[in-house]
Amino acid sequence: MDLTAKVRRRCALRALTATLVIAGISVGCGPGGSGDRDGASQPGRDAAEGAGHTLEVWTPESGNRLQLVQQRAAQFSAAHPDVKVNFTIRDFGSYPAQLKLALASDSAPDVVIGNLGWSLDGPLIKAGTLRPLDPWAGRYGWDKRYPEVAQRQMRFSADGKQFGRGPIFGIPYAADVIGWFYNVGKLAALNVSVPATLAELEAAFASARRAGEVPIMLGNKEQWPGLHLFYLVSNDLVSDREINGIVFGDRSVQWTAPGFVASARKLAQWNASGFITAGTNSMPADDAIARFVRGTGVFLPTGSWNATQLAATMGDGVAFFLTPPVRKGDPSRATGSVGYGWHISTASRQPDLAAEFIDFMTQEAFAIQLAASGDISPLDLGERAPAMPSRLAGEIFAAWQGVLANGTLLPYLDFAAPNGAEVLYPTVQSIMAGAETPEQGLARIEQSRREFLDSL
Amino acid sequence: MTAVPKTAPFSVAILILFAAMTVLPILGVVLLSLQPQDTQLSGVGWPDRLHFENYERAFEVAHFAAYLKSSLIVSIAVVVGTVVVSTLSGYAFGTMRFAGENVLFYLLLSGLVIPFEAVIVPLYIELRAGHLTNSYWSVILPLIAINSSFGTFWMRAYFRAVPRQLIEAAAMDGAGSLRILWKVLLPGARPALLTLVVLVFIWSWNEFLLPLVMLSREDLRTAPLGLAFFAGRFTTDLVGMAAAAVMVALPVVVLFIATHRRFVHGMWVGALKQ
Amino acid sequence: MTTRGRAALPYLYVLPAFLFFVPFVLVPFAHTAGLSLYEWDGITRAVFIGFDNYRDVFASPLVRSAFGHALVLIFFFGVLPVLLALPLAVSSSGANVRGGHALRTLIFLPQAISTVVIGVSWGWMLALDGPLNAGLHAIGLGWAAVDWLGSFTWALPSLGIVGTWTLIGLCVTLFFAGLQQIPGSLYDAAAVDGAGRWREFWAVTVPGLKGPITVALSVTVIAALRAFDLVFVTTRGGPGTETMVPGLLIYRRAFEEGRLGSAAAIAVLLSIVVFAVTFLINRIADRRAP
């Protein structure tokens, strides 16, 4: 028989085998479960043989924070010569999809960053891909490390149905708060002082517009930055009870409440008045920051995670404040969180090593490092807080401390459901653009939320 | 002899216009990739000098060497598999009579119409269960399957047009079916085969959805995937992104231009056989 | 070789193709149909819910608008390129067109380029301060320089034009090849009848190109209905949900939101639409036989 036939036979044989395997498997198990739900093993050292260990770590982190995290991880490797830490980094928008695929694959990572509430943690926990961390929490003292109010965001019921109570699932390392960065020089040039009320803020926008400046620099291509702008308004116009109710699943609270409608309407007004960058819908968030740094835009509404990059490039030319209250003198309310946390995957074969890694990454020493670089820590550093590296960092730190002290920290509304990308973000974007009315959009968001709550 | 419809000079101008409109965006991106790093967005113009370091940057920071290698492995494997499989089945459909041949042919052809999105979810689940995800097989095998629809159609068309006498004469001389294929038919099939090779290579190289879902491991990703994630992570490095885009498109474009004379001839010949 | 052996021979030749096709295309396709009757997150146990997914999908405004957008893209990806390619192919087949071949190759080039590259490139070109708008300003049409891919009105048509740009070359090549096969006698006859260029185009050329037109429409319409790559890389379905297409919705539901049953239902629907439209195109082509 000539060569072609032999080759053909071999190919056919291989294909046949593959077919039989696949056919057999697909016939045998239709949709089925494979989630390994055995509980965490007793805390102790994983059997460490001579061969090296690799910890697979996934994170959506970027910029300065990512650098610090990777440096800290390198220190961990240095202290444990047989351990290598391997990072996989994805951009924030693609992260949830990519992480879910990875967790379900054969090469599931050991340690992963999640995102609070039902935005990512909930679905992952419900699918059984994350381990409850209580056994290690006791051992390493994680439940003593964080203030009680913070722990609410770290807890989830083991069936993934209730956010805010149950075992601890994630250990955070960098807190965040959303506010207004502003170009000091430009504000001074407008003869405007730092706004003390919401009305003054809006007046500042108008002044900027008249002077030919871009009042609000916003890059909304990914659609969630617009939601952050919404938060800055809802901080003032929506009650604590309503915001917490949406986030923690209280059915008596609805998105169609007057406070939310007013906030959405204000967003649309600001856009219609030309306060928001033209081309915001096709501008990536990072682009907006880059332009702000290069000198376009008076105000940049975004989170404290960008502080280090801004301070590094603009020095004292950039400063920060939280959304001013409606009534002068009231404390500022701010949207923020203790930060997304490190989780251990159920599939991980080295949970103890993973726990040790997580503890190392969230210790006070690292928190001090973060604070020294201009980021905020979820830990109460008290006397041990380092010197602030920039005026900007100082302002953010003071704002964060103030919010904690006044108890005016509000959780992110997109913790409330896992389908933010499908409903919440695009709807806020279309309300802002005037493509639909606040009532229409909010009604749709509320309906989607109802469907989600019903499905739990 | 086919005559040609009357044309007028100005329609040639329209042709040139369209060709220019097609090429302009491509040229724009190539030029962009050679600009200095902090170029403004609307920068279409000749750069002060050719900044080839943008390519270096895309190569190093974004692991493009690994991505290009992955793409090459996948594309070559798919081409080989598709050509072998399609030639064999096209030969049978094109020269032999057998019961159920129409049903089987149209069944195979349905692959042209079935949208990949309809198949991707269970395909992912099956391959995951078979421990094949995060390996090149998870991309190669389905691509061979889906491309063999077009491949079979194409080769069948070619074989059908071969004069029956040729085949019958060889059979009369005692040649087996395989020898007929190898010695008699394939030598003349070069244009058709070349077209098939080029098309399947292009389609495999450019395939996006399948690797996006199957390959979550960094080191296995194919070039278009690498570009998409590079663009997502480094949104402010516009020229780096342009350089990456050029690198992803270049191998296929080069292949296409190198073979375009024969390739278009092959399509012409193929189309004629219909 | 025995008669039985000889009879089995064709099947052996056809077997390899089916060894790939069955497990990697047909079986998953059947699976999708089955999966659409379940609710499943991909990891835990699936729950049988009958036709609930279909009920949700038909009632969902998002799904309806996604299919609506696909119809819009059919116009830009299919109808427009075919209409533009007809005169182009005719022009380029003129005997006095040197370099017609080179020009046709250039027009075909976008077909060889990855849609990711195309998406990234056009994303830059259509930016608010990108080259297209810069050009518009330069020729005094500054008022028309909008944020193409960020506009609720223009995002979808902009993506459509990118599709037109991509697919014209394919159509031109197909039509050019087809033109070579129209018998010269038909043109001679038309000339004898005193037909002008216009008449000749409609009476001889277009009917003669029926086959290639059908193929072109089928291929481009399928491309429009799928349209995943381009949207994923440029707008991801935004702004709002203005550029959401079925392919992207399936990916989102299945892999980002863990609603595999719902994704499967949309996939089944998409397949039905694709089959129906392809069937329709071929049916109309047959009916119009001269």
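The chains carry the letters A, B and C, assigned in the order they are written, with residues numbered from 1 in each.
Throughout what follows, a residue touches a chain if its C-beta (ideal position, glycine included) is under 8 Å from a C-beta of that chain, and two chains touch if they have at least 3 such contacts.
Since the structure is predicted, the reported quantities are computational estimates derived from the model, not experimental observations.
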item: Touching chain A and also chain C, the following chains; value: B
item: Chain-chain pair with the highest tally of contacting C-beta pairs; value: B-C
item: Mean-CA-position distance for chain C and chain A (Å); value: 37
item: Distance between the centres, which are taken as Cα means, of chain C and chain B, whole angstrom; value: 16
item: Centroid distance [mean C-alpha coordinates] between chain B and chain A, Å; value: 39
item: Shared interface positions of chain A, touching two or more other chains; value: 8, 11, 18, 22, 26, 31, 93, 101, 104
item: Sites on chain C at which at least two other chains make contact; value: 16, 20, 23, 27, 31, 35, 42, 127, 129, 251, 255, 260
item: Residues of chain B whose C-beta touches two or more other chains; value: 81, 84, 88, 122, 125-126, 141, 213
item: In the complex, chain A residues that touch chain C; value: 8, 11-12, 15-16, 18-19, 22-23, 26, 30-35, 93, 96-97, 100-101, 103-104, 123, 126-129, 220-223, 278-283, 418-419, 421-422, 426-427, 429-430, 433, 435
item: Parts of chain A lying in touch with chain B, wherever the complex brings them together; value: 2, 4-5, 7-8, 11, 18, 21-22, 25-26, 29, 31, 62, 88-91, 93-94, 98, 101-102, 104-107, 284, 286-287, 290
item: Touching residues (chain side chain B, partner chain C) in the complex; value: 1-8, 11-12, 14-16, 18-19, 21-23, 25-26, 28-29, 32, 40-44, 81, 84-86, 88-89, 91-93, 96-98, 101, 104, 107-108, 111-123, 125-126, 141-142, 144-146, 148-149, 152, 176-177, 202, 205-206, 208-209, 213, 223-225, 227-228, 231, 238, 241-242, 245-246, 248-249, 252-253, 255-257, 260-261, 264, 267-268, 271-272, 274
item: Chain A-touching residues of chain B, taken from the complex the two chains share; value: 81, 84, 88, 122, 125-131, 133-134, 137, 141, 178-179, 182, 213, 216-218, 229, 232-233, 235-236
item: Residues of chain C defined as touching chain A within the complex; value: 15-16, 19-20, 22-23, 27, 31, 34-35, 38, 40-46, 62, 123, 126-129, 147-152, 235-241, 251-253, 255-258, 260
